[in-house]
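What follows is chain A paired twice: with chain B in the first complex and chain C in the second.
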Partner chain A sequence: MGAGHAHPLYLPGTSAAHRLPAEVKIVAAFLGVLCVVATPREAFPVFGGYLLLLAAVWWVARIPPGWIARRSLIEAPFVVLAVLLPFTGPDPRIEWLGLSLSEAGLLGAWNILIKGTLGVLTSLTLAATTPLRDVLLGLQRLHTPPMVTTIATLMLRYADVIAAEARRMRLARIARGHDPRFLWQVGATARGVGSLFVRTYERGERVHLAMLSRGWAGEMPQLTDTRTTRRDWARGLAPVGVALVLAVTGWVMT
Partner chain B sequence: MSAMPQTSETAPADPAVRAPSLHIRELAFAYPDGHQALYGVDLRIEPGERVALLGPNGAGKTTLVLHLNGILSAGHGSVEVGGLAVAKPNLHEIRRRVGIVFQDPDDQLFMPTVGEDVAFGPANFGVQGPELRERVRAALDAVGMAEHADRSPLHLSGGQRRRVALATVLACEPEILVLDEPSSNLDPVARRELAEVLLGLGRTMLMVTHDLPYALQLCPRSVVLDDGVVVADGPTRELLADADLLRRHRLELPFGFTLS
Partner chain C sequence: MVLAMHMSDGLVNAPTSLAFGAVAVIGLAIAVTRARADLDDRSAPMAGLVTAFVFAVQMINFPILPGASGHLLGGALVAILVGPWVGMISIAIVLAVQALWFADGGLTALGTNIVNMAIIGVWTGYAVAVLLRRFARRSRPGLLTTAFIAALVNTVVASLGFVLQYAIGGAGGASLTTVFALMVGLHALIGIGEGIITAATVGAVAAVRPDLVHLLAGSPAKLELRRAGPHPEPSGSPDSTDSTDSTDSTDSTEATTRGSAS
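Entry: the complex of A and B
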């Protein structure tokens, strides 16, 4: 599935991790995250173990840690809440650098932060080794409802078409003296978004008609005949085995 | 360019044995809002014929096309494709038999690569494995796009996209090819290339168009649709030479063209 949709989260490569079938990687990532979530928050060293495990996967997939780290900033807006917890949490409180912090709040914040980060890193690893297109094919082989994969496939294809449409509409506005830097002209942009929605909707209808005309009956046909082997599953699930051991260790420790 | 060579009409192999590729009888249709678009259309197209469907905007051309594969269903009258009635139980087979190439290739091409898009139709009709690959290769070959199978449709020129859209339909091996404004938005070279591809296919074809010179170049026979009825049906050259007929139905040859 080479050409076409390069996306910023995918790092092209030919490593063993890249070659694994997408559905194996999706299941592995999902189970891995489950292990992380199931680990008690007080089992601090276990989380270090997960990080080492991910680092090992990055090494196999030849993903530079810095590359992953930059993309993991996407998490930042979602953990803002976690930063507030130590200040707003219930007593008992502890004093630290003149700040009064809630102990339960601190633990809660750590819980969100570490589990969220590990989850994001796992997802990024999946995205870095699997083109979006293959993720969708993998989801389909895992019997995700066909409507979901179809919608996602269409989004993937039409995001660019719609972006181009939005660009043309913007150019047409600018050509008629519109300058969206001025606050009082923002109305035109807003109306533009409205008409973009209508155009997108109409295109959706036309695409649907064209698909029906080619015999589409609600399910994307399987276009490849490669089969996923037991060996693929064994390889892909090996890191999950390690994660499971870590999770059990966490429960035993606490 | 005013004296375009008339291409000879391909005669059906044995009309007594083969049913007409398309047979429309007294087709009438009104939209749910009450707007009557078709008032009893009759049209018969034999296998191997290439027919242009001409008519002004709002004449009912698109409505007619959407009846051919059962996306709209007739209020009155009937449509048959290769002897099979367009009706709910036959819709799957009808949609294989009627290959519609829509006006905007961006509406038609929705898969991430050209090859997958061409495979989409035949895969829906149950073609798999090596046969599917062969269909995709043959269809892309027929339109001269075989080397682009792994590219995204987004990265193709307008003319290339149009030809890929044609290939997506050819891969289904339709009984009749229906083209909606095939020459719109094409530069002159892409327009000519498409014409060469279409002439080389040797398939039954119904071409909906405003582009009268293109109709003359590609279709020996034309049908004029206006206000939901067929108002003229005959050799394209004769219809286009009838200035009075064209004027009555808001059709016009481009500036400087005359046909005698």
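Entry: the complex of A and C
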């Protein structure tokens, strides 16, 4: 069960961004995206500034831009929604290449597209520089209730096990000629989900007994005692300061 | 094409995101205190595994129309199987993990996503299921119908949560009626798939381990049919040995590696 300690979006490294404590990075990413969302959509150059800022973070973290770009395709479905907006939006309309496009719709589409993209890029940067265990530790230090972090820890440990079991069950169905195309063929999948739940729950009962026999007292033990210094916070929040300046510039500009 | 269910950043403006983030935090704080009662002595490990199950199930795509598929939300499913409080926490953790590690759903949209799917979704599913509990207890078709309706209503109402947030602080240019028609239309289709999977899943669980279905907790046990003949084997070796041995061995190794790794 070596899996579960890395995830597909993590890029191993030892850069300054990798070494920052996770809670600093979580707070920084959240505040950064908040700045982006709060920026008025007409302040076009400011969004370029955000992109440059992210590029600088990638440079520090040694993340190749192409690596990030490939993984940012995850937001593609929302692009589809954004493409619809110019056609369905309210008047006034402008003519462009023979198409009648709504001005408000165009602005709305731009707004969703750029903010969504910047958000995904920020999340990806966080995920690329922070391994799973560190994020959990960071959430613990941000005073998330221990019950929640414990549940999240166990979930992450076992998500791969359960997902692998789901994959094996799917493979077994396919090997027996299962090829669902329509909604009414969903029965076999659904019964598979049912037995997956029973298996998962019974596995949970066994895991709980195994944990009890190894001295589980209701809470995950803290394993590291490294402290987050003020310097860590200052370094982690420096990009947020730049983002804040950009957001204020956007407000002043429009 | 897979329909993404999670809102991204920039769909609603910053004050709305923050307001719904606060609602999500308050809702989860209540859920954490109330979930302890549901979890009793089995506590967190069970909830962790149920959450892992929701996470794995969300990876399973089901067909809606040729070329389009959706994935399970699981709101009504967890509400029926483990109760609304634990269900809320499970769904919220899944959403947070997807936002933090898989960039699925925006960071600032996490609050709105949690309100839609973990709070509105789970509680709608649970409310419908409780309303229909009398039928669910009476017969198996009743239970399946209850699960189907709960999941269908849950999906559509959760999408209405998005429409509400869009009405309050929508950042797009689309008119409210367009968004309403688009969201409700899409989610009615997704909801049918969600309903069928939820019904079949609950049915499968109720057939094997009815004690695991939270909705049926407290209903009188059915009469058991017992053979009058002599017992096939003496006490001490229940029939579970052959079926669980193979999985037990893998689990104990897992627990060992986990113990040494952490």
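Odds and ends about this structure:
Note that the second predicted complex is superposed on the first by the 208 of 254 C-alpha atoms of A that agree within 3 Å, B and C clash if a C-alpha of one lies under 4 Å from a C-alpha of the other, contacts with A are read in each partner's own complex, and residues count from 1 in each chain.
Convention: a residue touches a chain if its C-beta (ideal position, glycine included) is under 8 Å from a C-beta of that chain, and two chains touch if they have at least 3 such contacts.
Small disclaimer: the values here were computed from a predicted structure and weren't measured.
Contacts of A:229 after superposition: neither chain B nor chain C is touched. Within the superposed three-chain model, A:254 lies out of touch with both chain B and chain C [touch as defined at top].
Shared-chain residue A:206: touches chain B and chain C both. Of the two partner chains placed by the overlay, chain B and chain C both lie in contact with A:156. Of the two partner chains, chain B is the only one touched by A:217; chain C is not. In the superposed three-chain model, the partner touching more residues of chain A is C, compared with the other of chain B and chain C. Annotation: chain A residues 1, 5, 153-154, 156-158, 161, 203, 206-207, 210-211, 214, 216, 223 touch chain B in one complex and chain C in the other. Across the complex, chain B meets chain A through its residues 66, 69, 71, 92, 95-96, 98-100, 102, 104, 106-108, 110-113, 116, 119-121, 123-125, 128-129, 132, 150-152, 154-155, 168-169, 172. Contact residues of chain A toward chain B in the complex are 1-5, 133, 153-154, 156-158, 160-161, 203, 206-207, 209-217, 221-223, 225. Listing the residues of chain C that touch chain A in their complex gives 1-4, 8-11, 13-14, 17-18, 28-29, 32, 35-36, 42-53, 55-57, 59-60, 62-66, 72, 81, 89-90, 93-94, 96-97, 99-104, 106-109, 171-175, 178, 182, 192-193, 196-205, 208-209, 212, 244, 247-248, 251-255, 257-259, 261-262.
The part of chain A that touches chain C in the complex is made up of residues 1, 5, 7, 9, 26, 29-30, 33-34, 36-38, 41, 71-72, 74-75, 77-78, 82, 84-86, 88-90, 102, 104-109, 111-112, 114-116, 118-120, 122-124, 126-127, 132, 135, 145, 147-148, 150-159, 161-163, 165-166, 170, 180-183, 185-187, 189-191, 193-208, 210-211, 214, 216, 218, 223.
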